[in-house]
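Below you'll find a set of structures to go through.
There are two complexes below, and they share subunit A, which is joined by subunit B in the first and by subunit C in the second.
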Partner chain A sequence: MTGLRKFGGRTWIVTAAALIVLLVVNTVLQKNFLEPSVVQSNLTTFLPLVLVAIGQTYVILGGDIDLSVGAIVALVNVVTVSVIAALGGDGTAVALGLLVGMAVGAGCGLLNGLIIAGLRFQPIVTTFATSIVFSGLALWVLPQAGMSVPEPYWRTYAGDILGLPTVYAIYVVAFLIAAFLAARPFMTRLKAAGGLRTAAYQTGLRLGALRVSAFVLSGLFAAFASLCLTGETASGDPLMGQSLAMTAISAVVLGGTALSGGVGGTLGSVLGAWVVGMIGSVIFFAGLPFEYQTLVQGLIILAALAGGVLVTRR
Partner chain B sequence: MKSVLLAAGIAVAAVGTASAAEYTIGLSNGWVGSEWRTQMIEEAQAAAKAWADKGVTVNVVVQSSNVDVQGQIGNIRNFINQGVDAIIVNPNSPTAFDPIFAQAKAKNILVIATDAEVSSKDAIYVGIDQKDWAMKSADWLANTLGGKGNVVTINGVAGHPANQMRVEGYTEVFKKFPDIKVLNEANANWDQAQGQQTAQTLLATYPDINGIWVQDGMAAGTWRAIMAAGKQKSIVATGEIRKDFMDMWKKEGLTSGASVNPPGVMASALNVAVWKLQGKEFKDGIFGGVYGNAIYIPIPFVSNENLDEKLKEAEGKPGYWSVTDVVSIDDAAKFFK
Partner chain C sequence: MNRFVEIAKNPLVISGAAILALLIIGELVSPGFARGDQVVRLLTVSAILGIAAAGQNLVILGGREGIDLSIGAVISLGAVIAGNVMSGSDAAIPLAFAAACCAGFLIGVVNGLGVTYLRIPPLVMTLGMMGVIQGGLVVLSRGVPSGNAAPALMAFVNRSAFLGIPGILFVWAALVVLMALMLKRTRFGWSIYAVGSNENAAVLTGLPARRIRVLLYGLAGLCGGFTGVCVIGYTGNSFISVGDQYVLPSIIAVVIGGTSLAGGSGSYTGTALGAIALVLLQSVLTTLNLEFWGRQVIFGVTLLLLMLLYGRQARLRV
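Presenting the complex of A and B:
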């Protein structure tokens, strides 16, 4: 239990409860919901959001916010696809493409971090601006959707790796990274930097380095999400991932991480991302008229947020 | 193994429903930013009901919300897991659905894209040719200007495939008129307000504009900017097909012309889908388009000549109602052997 707690406080229990309610409702509405193939297909759908939400958590814990993750997803996607195509599309090309993609994601995060922590720009406005820059770069790299990735890439993503579905393997690796970071002093220091910035500064913490690291992590996780999306869509699309940034921020907040920074953790964000995903699924299987689907989705997210606030306030 | 059994089960179920002539069709719409999309879904629902006259029961399940590619893939997965007979999708990306459409096809589900073409060889496209849509109105503009003059264009979202095809379309047409000069090509993201601002800027920058080629709903904003500049008698511009715009067109005596992208495209796709589900085979050589999987449907045109007629059709409809056209059940049958 203490291990779990290190992922961040108790607020995630509320999110877990909401998730259980949604799971029960969905099982009632959809007969085959618990079949392994359906479980896997749902977890595949939620994976990119989960990854982006994990990355976003570090930035928010550090008291900042990253609106550019959706654009990073698009940029990483088109760069990876272009690199693979330019190198001929064999195994080495795919491996290099993945590495370049991750480097681009981390690089975007580094740029955000340096501007915000180094030059003291406002994070909201800065990442909004860099998101436009990254989108523009994505359009410049690949002006319109197209270019396919080699079949082994997306077949592996949809298939198994070492006997485990690849998607589950990615979940495991993401959890291991999150657990590793949660156990490091980095996490405590980052929370201090976000929660009590002045006090943290006075104790001699290197705030700039901490905040930059958080942005790099966010960019890197956005790159992971993008590589998953590339596996799922088997192509390049400069307009990909546009709604990811705001959805990921709601997932993080649903998961109990305070937007003011300092409180929360990645486990809650994962649960929050699943909650957001499950809301969509429940609305579909409830058979709502299409005119109300968006409205009801918004209301449920609002209700879930309100629930979290009410419980933590007590 | 389990998935094989499941697929077999769904295949058996599909065959079972075929004899009872009852089908479930999933409609996926990934953007809810305009009334056009609402009308598109409502017309498809009405088309499904109309099949009852032929003794065929068509149930539709709708998923419509603002989603990105990933979200729409999730929607399609839900349809597959639910075991629908066919999926009709207004896709958010031309290429990103290849793997998921392949999965649907593996489970014997018919996939039809409408309004925007897709590259998947496991799906077909039923809708208009976006390039031809642009060529028709560009042709009208060039001819109305007498083959010469200064033109600006106002486009949708850069990088969007439909936008790309439309730009190619008008570029090709204007090239045929050596005295038509394209001064500027701007993007206003298919947003009416942005369209108006862009038109204002263009009108102020180039006082000698003779014609404006503008897409969809942005035409209403553009015409407002033209009228605010008092140039509605000296400038001709393309228009749009919503009732409130056509009312203004009539009242102000504008010179305009509009290609119709009918919201009935999804209903047309549904009529094609139901014939296919009944086991009909497509005629040979019917598919065309960039990806070789498209059935193009006719594009109506509204100009000053037939404006009154179209206004009569729109009588009693709300202001956001668009001029439409549906490939009827009988016309859809003509695509088949």
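Presenting the complex of A and C:
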């Protein structure tokens, strides 16, 4: 139990309960909901949000916020697609493309972190400004949507690796990374940096390094999400992922991580991302008139956010 | 020397200097940029952003990480309501303003209640509210653009009322004066700074901090609704995401204007200058014969450079 607590505090229990309710409702509404193919397709749809939410969690735990993840997703997508195309589209090209994509994500995160922690800029405004720069660069790399990725890329993403569906393998890898980081002193220090920044500084923690690492992680997970989205769409799109930043913040908060920093964990954010995805699915299958769907979704998310804050309040 | 540094670091001086520099650059790049009617045109665009930023400024001044991300959706709502109330008739303009402002105020009050009494972080509360309003707009309009501006409203925003200056600029100028008087010369204004800089101390001196904050969010919504009516006056008709483009610029105008995002310090005069500087910057970048991506990159980098001047946070000390 202590291990679980380290992974995400206790607030995730509320989110898990909400998720279970949604799952039950969806099973009633959609007869084939539990069939393996439907489960896999749902989890595939939720995967990019889950990954972005995990990355965002580190930044928020450290007391900052990253509004630029959507733009990073777009930039990584167009860079990866262009690199693969430029290198001829064979296996090596794909591997190099993926590497360059991850490097771009890490680089964007590093830039955010250095500006915010190093120059003491305000995170909301800064990551908004850098997101404008990143989207601009994405449009420079690829002015219009198009340019497809080679078949092996999306075929592998939709297929299996070592007998396990690739999407599940990616979930496993992401969870392992999150669990590994959760067990390191890094996580405790990051929470200290976000919780009581002055006190953390006075105990001699290297706040700058911690916050920069959190932004790099956020950039890396955004890149990871972008590569998955690319596997799904199989093409380049400089406007990809625009709404991801805001949705991921909702997911992180739903998962019990405090926006003020210092409290929460990645497990909650994963559950929160699934809850956000499941709300959309339940509303779709509830057979509401189309024009009411966005409204009901907005109301449920707002109620869930308010409810979560109320339940976990000390 | 210290006095000089102090003046040079004043946000009003910096945004004023930025405005002058941008006007000169604009005039050099494309002669006629700083001509009277052009400037009036740019000021009109700034006025629309500036009125929205007034609301944003109030919630940010009120502290506790105050911010209103729903202001864009409220602007859209105001525009759609006003368009449907007016549907081209001059007689219905006062009713359109009243309806849009009331709707905005009510939404703002709900935001404020969520933030104060349920203690939901403002960023999250207003983000959730944004989703709700956007959904509501889809229901209201059924996805089809509807309603249009009355001719007199379009004239108010776009045509000269006196000496070549449209009515909206007089309204904005009045708002700048009103806000300055309210913030610096009234009990309510002082209590905003008190609550924003140290809430506990404010409560201990007997200020109703919660009610003040609810009212601030209500006023922000009201500004959003009013902006919505101006937007439909500017463009003639509305669509349900017309206000989205104002959300982050309204925050940036406040920051460029020298109001601290931590709350409790700043002025609306600065925000108004910030709004003008922001609109000028976008306009200069448009006149530069650059591709869209280049403009975006320069815009983002300029924002970062502006923040380098004074948008920085205090150094931590042992």
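Just so we're on the same page, the second predicted complex is superposed on the first by the 313 of 314 C-alpha atoms of A that agree within 3 Å, B and C clash if a C-alpha of one lies under 4 Å from a C-alpha of the other, contacts with A are read in each partner's own complex, and residues count from 1 in each chain.
The working rule: a residue touches a chain if its C-beta (ideal position, glycine included) is under 8 Å from a C-beta of that chain, and two chains touch if they have at least 3 such contacts.
None of these values were measured; they are calculated from a predicted model.
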(Q) Looking at A:E291, would you say it contacts subunit B, subunit C, both, or neither? Reply first, second, both or neither. (A) both
(Q) Once chain A of both complexes is superposed, is A:L139 in touch with subunit B (first), subunit C (second), both, or neither? (A) both
Q | Which of subunit B and subunit C A:W154 touches, first, second, both or neither | A | first
(Q) For A:L299 in the superposed arrangement: first (subunit B), second (subunit C), both or neither? (A) second
Q: Would you check which partner chain A:A103 touches, where first means subunit B only, second means subunit C only, and both and neither mean what they say?
A: neither
Q.
Applying the document's definition of touch, where does A:I249 land relative to subunit B and subunit C: first, second, both, or neither?
A. second
Q. So, does A:S235 touch the first partner subunit B, the second partner subunit C, both, or neither?
A. first
Q: Considering only the touch criterion stated at the top, classify A:S281 as touching first (subunit B), second (subunit C), both, or neither.
A: first
Q. Taking the contacts subunit A makes with subunit B in one complex and with subunit C in the other, which residues are shared?
A. 139, 143, 291, 293-294, 297
Q.
Give the list of subunit A residues in touch with subunit C in this complex.
A. 65, 115, 119-122, 124-126, 128-133, 135-140, 143, 197-198, 201-202, 207, 246, 249-250, 253, 258-260, 291-299, 301-302, 305-306, 309-310, 313
Q: Over in the complex, which subunit C residues touch subunit A? Could you list them?
A: 65, 67, 114, 118-121, 123-125, 127-136, 138-139, 142-143, 248, 251-252, 255, 261, 291-297, 299-301, 303-304, 307-308, 311-318
Q) How about subunit A: which of its residues touch subunit B in the complex? A) 30, 32, 35-38, 41-42, 44-45, 48-49, 70, 139, 143-148, 154, 158, 229, 232-244, 277, 280-281, 284-285, 287, 289-291, 293-294, 297
Q. What part of subunit B is in contact with subunit A in the complex they form?
A. 2-3, 6, 29, 32, 38, 41, 61-71, 73-75, 77-78, 80-82, 92-100, 119, 157-161, 164
